[in-house]
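By letter and in written order, the chains are A, B, C, D and E; residue numbering begins at 1 in each of them.
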Amino acid sequence: MRKLRPLLACLALSGCHGRQVMLGAAGRDGSMFANLWLVFLIVTLVFYALVLIGLVWAILRRREGGEPATRTGLLVWVGVISVTLAGLSIASWLVDRNMNRAPFTGLTVEITGHQWWWDVRYTSADPSQTLRTSNQLHLPAGMPVRVILKSADVIHSFWIPNISGKQDLIPGRTNDIVITPEKVGLYRSQCAEYCGLEHAHMAFDVTVEPLADFEKWWAQGLLPARAPVTPLQKAGYAYVTTRECSTCHNIAGTPATGQVAPDLTHLASRLSLGAGTYPMNSGHLAAWVADPQSAKPGNKMPVIGLEPDQLNAVVSYLESLK
Amino acid sequence: MTPAPRFTGDLAHLPTHGFGHRSLTWWGIIGFMLIEGGFFALTIAAYFYLMSQEHSWPPPPFRPPNLIAGTLFTLVILLSELPNTVIKRAAEQGRLREVRKLMLVMVGIGLVLLVIRGFEFNSLNVLWYDNAYGSIVWALLVLHTTHILTDWGDTVVLGGLMHTRHGIEARRFIDVSENSLYWRFVWLAWLPIYFLIYWLPRLA
Amino acid sequence: MAQRWPKLVLLVAVGLVVAALVAFLIIRGTGERAAEAARTPYEQPALAKTAAGAGAHPAGQWYIPAGDYASTRFSDLADINTQNVGQLKPAFTFDTGYLKGHEAAPLVVGSTMYLVTPYPNVVYALDLTKPDRPVKWSFNPHPNPKSQGIACCDVVDRGMSYDNGRLFMVTLDGQVIALDANSGAQVWRTPVADISKGETVTMAPLVAAGKVLVGDSGGELGVRGSLKALDEGSGKVVWKAYSTGPDKDVLIGPNFHPYYPSDQGKDLGVKSWPGEAWKQGGGTIWGWISYDPELHMIYYGTSNPGPWDAEDRPGDDKWTAGIFARDIDTGQARWFYQTAPHDLYDHDAINEMILLDMPVNGTMRKVLVQPGRTGFMYVIDRVTGQVLSADPYASMTAYTGVDLKTGRIQHNPAEVPQSGRVTRGICPAAPGGKDWNPSAFSPRTGLLYVPHLNLCMDHVYTGANYISGTPFLGVESKMYAGPGGYRGEMTAWDPVRRKPAWQIRENLPLWSGALATAGDVVFYGTLDGWFKAVDARSGKLLWKYRTESGIVGQPISYRGPDGRQYIAIYSGVGGWVGGLVSGGFDPRDPTAGLGIFNAVPDLAKYTGRGGRLYVFALPR
Amino acid sequence: MSSPCRASLLALVLLAGCDEQARDPRGHPLPETGPLLSAAMNPARPDPRAVDYYKNAFEVSQGQQLFQWMNCSGCHSNGGGGMGPALSDTKWRYGSSMADIVQTIANGRPNGMPSFSGKLTQAEMWQLAAYVRSLSQHVPQSIRSGRTEGLSVGEPSTLRDPHPPRAVTPKQDEASVE
Amino acid sequence: MTELDPDLARDGPELTGVELDRRLTAAWRRQPGLIGWLSTTDHKEIGKRYIVTAFVFLALAGVLGLVMRAQLARPESGLITADRYNQIFTMHGTTMMFLFAVPVMEAMAIYVIPLMLGTRNMTFARLNAFSYWMYLFGGTMLWVAFVLNTGPDAGWFSYTPLSGPEYAPGKRVDIWAQMITFTEVSGLAAAVVMATTILKQRAPGMTLAKMPIFAWSMLVVALMIIFALPAVALDSGMLLSDRLVGTHFFNPYEGGDALLWQHLFWFFGHPEVYIIFLPATGFISELVATFSRRPVFAYPAVVVSLCATGLLAFGLWVHHMFATGLPRLGFAFYTAASLTVSIPTGVQIFCWIATIWLGRPQFRVPMLWVIGFIVTFVIGGLTGVMLASVPLDLQLHDTYFVVAHFHYVLIGGAVFPLLGAVTYWFPKATGRMMSEALGKLSFAVTFVGFHLTFFPMHITGMMGMPRRVYTYPAGMGWGTLNMISSIGAAILAFGVLLFVINIILSFRAGRVAGANPWEAAGLEWATTSPPPVYNFPHLPAVASRTPLWDEGEGLPVTTGLRVDDRELLSVTIIDAIPSVREPSPKPTIWPLLSAIAIGVTFVWSIFTPWALVFGLVPSAIALTIWFWPKNPDVPPEPEID
């Protein structure tokens, strides 16, 4: 029966398959949401049916009298609504309390929202283990993670529908949310508060993986960027680390030390490009570098106007940043 | 298919004006007082909200406003209720000469108040663009000043009107009476603002 | 009743008058008593003494800006004393021709006075034997003009050092130059800084034990600070000790024995930073170096970590904002104490360290005393690096104390800055309880004369971007007068009793150094151009003189060829705070000058730009 | 601004407003800059396309962001200066035209201004130049903003009037004896 | 009874019929011509203008909706740019909420309420005219700006700091904020007029307990407006001053706070929804009663529900802010309060169904809209119950689920009743019936189109599509559903178009309606269709809630108001006992001129705060002339004794 219930909900609203769906139930909160949602859905469906039945009956009846019975009916109706609402309130409150009782966690991720990308920092008591990345989140399955949310400009909202509900990133405030991913898989998160021109293209990929994989990923993330090997990569390296790119982007281990745009140290190992705008591959990378204003007009990366050979070199180098 | 009239009552004996809640003007004034009161209440709520955002109030290094101008303003506006009450009573009893004379007094008092208000802005020790404290303090004072200004304008116009031949019309007395009522609102609204601007920063 | 009312009125009237009189007297009385107390000479049982061996000082001369290796700025000349100082008159003046901040100390060697100006760091040698003190020679090193845009807070130069017939100077663009003191000829020239990375040099080099010690400036531009020791004879770099990075760069070896466990460990200069942040981690050395010849150790402080936005650099950020003790020959670190681990406010540790021998809890200890930018007066065992005491000497809200067990400074959580939301009322402000301007110590009174600040600030982190050769800050800040409304203060601090002996409040921030003399007079200058002499024991103002511009220099005293005692001071407003006037900045922007101009928007009312040496003497 | 001027502004603003308010993420066509040091940039005959930058609210706001990101604010603060000269006053060492400012950003200046050539795109420099002009109110009043999201920067730009730029040669400013 | 002047300055048995009509018309009509047209103070003329204007805005905003649907029909569509899209959705929401939904409800009431109450005009008739002009100017300013690429683009609730001086450069958001000022001045003026009219100008005998339910709903709404609108006016005023003169209300760097905006906005914003919804329930109550041929079941329960909704609406605003990180402890309260508000709505729904159940329903077109309303709105109400729950809201918030929810509530809950009400009162205003056949067709098409558009959005929302995105990637699985929505939108638009065509055709050639074509019970049906300029020759008096059903042909009337001058009757509040004969102001151009002066001041003040100083002078002059008594062109009141 327990397994049947989410299934039922899925049938009602085919929202359980996909990387960015509410009934995906891939996290602790997500599962609780799915259950509470089902309760609400059933209750509201029952009430809707009652109203419709009443309406149809009223239309078909067409006769006088019956006023006193109706008065009683009104009282019963008010009673039923009140009791149901009280029930729903309590159910909702219990779930909410339960969500807030996420166990203490050692893993803290700090996410800063920017127009229109996500700066992600895995904190650690040992500062040298602090991992900075952007537009992606790797999470260990089954471990509660505290996500600290800040904004560098306007209000954004953090939301991984499969795993948990929303929490806003508000400038001047620090919010946090504890999320517990449970199912290994790839998910997608998208900014859920209108944040200006490119609000539609402000997403990131969420990879939930076993703890060991996660730790491996973290350790790899701490390594500086790979050195360029081929002449083409070297030419790209020379451009990227000294020219326009380096003023905004950071690539660890190179002279590119900009801090105002996404970190590129292991760019090519990510799943998407431009905060979820493109899937990551060399064609898209070239398209993006050549004209970032085409797919995501208004984003803060300017069109540099690279010559074709420069573009080749830059893309070749960026592709090597696994 | 208009139903034929069935005459049931005659209204000819009704008066053509009434004071207080019998007057439509009174209800209009009450409506606007509710609206303005809402503005004041919400601005005050915003004041407390912003206050809760700071550790100290006023935030360093700003000093609380100087007391003299604001306190003088408060005294004068409280005293102005004396002529105001007399006007209201005179209007309701239709004593035109008294109304005419006292309206001029009220115009004078309004002028004095506006001048003092000018000094008040000067004694806040903060500018609206310095910080949110400055912004909300200025907002409160500007909001109240617009009320002083509009009521003063109303008093000037009405005072002028009372000195014309329109002054004898009964409805004008209602206007005078409602103007006095509004003035009460203006100074009543001032009292919490005076406290918030001048005293809370000293006590907090 | 009718009969009684006049009496009643009379009674009330008399009562009121009496009450008013009493109230007046009480108010006046307390004020007077307080003032009186301040004027009574301060007596103390046990005196601190200048560190043995470090206080040596050529009689009547001034070879290094601090006067001696112990950094006491004490002159043993006593001709000018509390009785006659009131008669001081200018003996001569000299216009340097530059109008930036004149922070340097003049040097006097034999019958020559050596001056160095702010950028372009021109050196003048004045012949003191002639009545009009003509220029014997001058030297212009022609530094790269680009360096002006990289110097954080005005293009100052804090002075030169003299040793063995040579003058050692630095230029803003980072060259160390040795000049022949007689001829002004250049002996050698060694570049030690790269302005393309944001490095400049403003500190006064110190010559000791055959080494010229030079650090760098640029903690606001994300440089990686280092101290260099150059061979006095050849100008070759003998050793170079970075303030961040792996132990071998920092010259941390087996002899490194920091007192506190939090400073013990391998490669903390890397591990206490996120990622590669240590490469732009600041920790420059732009202040003062003291030297203990007996222990063969130098002491200096490192500057703030970069960027100012502390959220960008979680961790302790070693070895910034702390005090190093090093062996002067090898440069190997002996101990380190971090005054502000994970500095939040630009509270460098570069301030002067006065080496004293004094009783602490009944036993004589070899200590160094530093009036820190954090607002604490640190008394540290200079052999071991143990903090013996740390007492606040300035208005303080940012910290609640220093835990003497762990050595760690304790933060007030309400004053920890954040990004995106202002934190107000942080005291001391970024320039600290006291900035670079050095204190003086008189072994006669045992007191430390600390010219310092009373500034607080609003601070907010905004995130920093690193572009080589440009500022690396990530903050907005706005400073203003601290509690009491005054902005500067001269405190005579009793290091033994750990409390002030007397204090003088100054309207404007104090940005000049102090000088103590054996005549029991203390000299210092103010930003509005007054040069003041106060009684070393009571703080009583004895004499003052209005110079043409605000004073940010360091007073010295010497005996002239004519046998008289002279007092010399640069007048010429500038430096971080005075840059408002010397740089012609716009104080309508409260965040200008990293927020400090907001504390002195009225400065232009008190002083114009200037650049003049004043030398005072008693009338003949 | 005089009162009739305000009135005519009001009348015109809805018509003229279109250009001021437009947002083109691709930026406006670049003014003719040629090789940056060329004499083609004659301030007396400025390229008409420069107007698209300093008379456009969006371009100015982009410039404002770059001013923070590119550390301009580290030296020039919010216009008041510090390490670098004030930009909010009337003194212009190297010219006040858009082309002059772009030149300053691109190539730097001898007394410390670093060069951003190759670090910023041309369009970004024009945006920055537009913002720099706004610091001394040399952009239309209708596209200035009352404050920034930051600490208070004093009297709002919208309430200040621009004063005619005054050329100051760096030599004088340095008061150098050389 | 008093002997009257032989000139018969008052109506009565001696003065009735044609002669009375001649005299009253002379007293109440306005000048012909353009100036007269611009000077009118007649609530019917103002009401009609208001309604037409509001529908024009509906059409404009509807077109924007269609453009958005066209853009979203396919993933990564390049039909319009992000910048345009953002302006468009902001304009759509802003126009619908501020320029259509609230004004149209006020407009309907301005037309209908005096007729329902049996009075000749509204109180403060000139203020009423002024209210319209301010509304017109505000709306025009917004749309002119939009056409000139200066349309606001920060969403209809303009969250700071996105709408603040740094992230919303230029004047776009100022236009939005000043539009708020215009509509707030207009709405507040209308609310004061409305409340006073309902409280003081009812027919003799129409006690509060006998007042039509629509009047009750408008009374509650007027009071809600008076308490809610200052919040948004203050909020937008703060935003304007942040943007123009550098205050720091919303700047956390200087002690302000971004959430202050949201608190103030939603303190207004949530009641706003009920300000739109309650008049609609008033319509429904009128329609249900008329077409069920019986009074609404449980009148007291319905009235109490209206009042309860009005009160509770002020306690819910935080449920728009569950994701902002406020202390979670208080959320339980807001969940409970938000759920509680569905009780009075549930009661009303029960009462309407019960009325049908108990009555003899006739399925004319307005009744179809009522049924459409119940079927549709209840879905919106129930999804609202879901959104009130914190854990559910944290997922559903700001997704297309919410978009679906509020369109169900606002279109199903307010536009359907409105279209029903328009059909219902159209004969009263024009004298002609709307076509039944076309009406049924337009209902059916609209109904189908609506559900086709908005039902799939529940699912797109559940599938993770956030609202306010100008496009979405392919491969999210949202494409089909969005395509369905877009097709549905076209159908919906077609349905509304049919309705408009019906109106135009019927206006020209509809069947002539009598005074009471629906055989309804309200006083508005007691006068001719369209009503004379003075509404009623003799003021009706009532003794029941359904006077026309109870009194039949012999509706009692009172006499005694002047016929040579404009006079209104004011009554006591609760018992509606006549108390004063109040004069009603004559038409004048000055409300328009005042609105122009103040409007120019407002628009100007977007650019400089000095406008408020300079604009004060013409505004004060205009207002002074407006209020200055004119030379009486009628003889003074004859003495009565």
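The rule is short, and it goes like this: a residue touches a chain if its C-beta (ideal position, glycine included) is under 8 Å from a C-beta of that chain, and two chains touch if they have at least 3 such contacts.
Predicted model only: the values in this text are computed from it and were never measured.
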Those chains that touch chain E and also touch chain C are A, B, D
Neighbour overlap between chain C and chain D returns A, B, E
What chain is the most remote from chain B, judged by the mean position of CA atoms in each chain?
C
Let me spell it out: compute each chain's centre from its C-alpha atoms, then which one is farthest from chain E's centre?
C
Of the chain pairs A-D and D-E, which one is connected by the greater count of C-beta contacts?
D-E
Could you work out how far the Cα centre of chain B sits from that of chain D, in whole Å?
46
So what's the Cα centroid distance for chain A and chain E, whole Å?
39
Cα centre of chain B to Cα centre of chain C, whole Å, reads 58
Can you check how far apart chain B and chain E are, centre to centre, with Cα atoms defining each centre and the answer in Å?
30
Residue list for chain C, restricted to those that touch at least two other chains
420-422, 424, 458, 460, 465, 467, 476
By the touch rule stated above, which residues of chain A touch at least two different other chains?
153, 171-173, 197, 247-248, 260, 297-298
Multi-partner residues of chain B (each touching 2 or more other chains):
54, 59, 129-131
If I apply the definition of touch given earlier, which pairs of chains qualify?
A-C, A-D, A-E, B-C, B-D, B-E, C-D, C-E, D-E
For the chain D and chain C complex, residues of the former touching the latter:
68-71, 74-75, 77-86, 88-89, 91, 108, 110-114, 119, 150-155, 173, 175-178
If we count contacts the way the header does, which residues on chain D are in touch with chain E in the complex?
1, 3, 6-7, 9-10, 13-15, 17-18, 20-23, 25, 57-58, 60-61, 64, 141-143, 145-152, 155-156, 158-159
Contact footprint of chain C on chain E as seen in their complex:
252-255
Give every residue of chain C touching chain E within the complex, in rising order.
420-422, 424, 460, 476
List the residues on chain B that touch chain D in their complex, please.
129-131
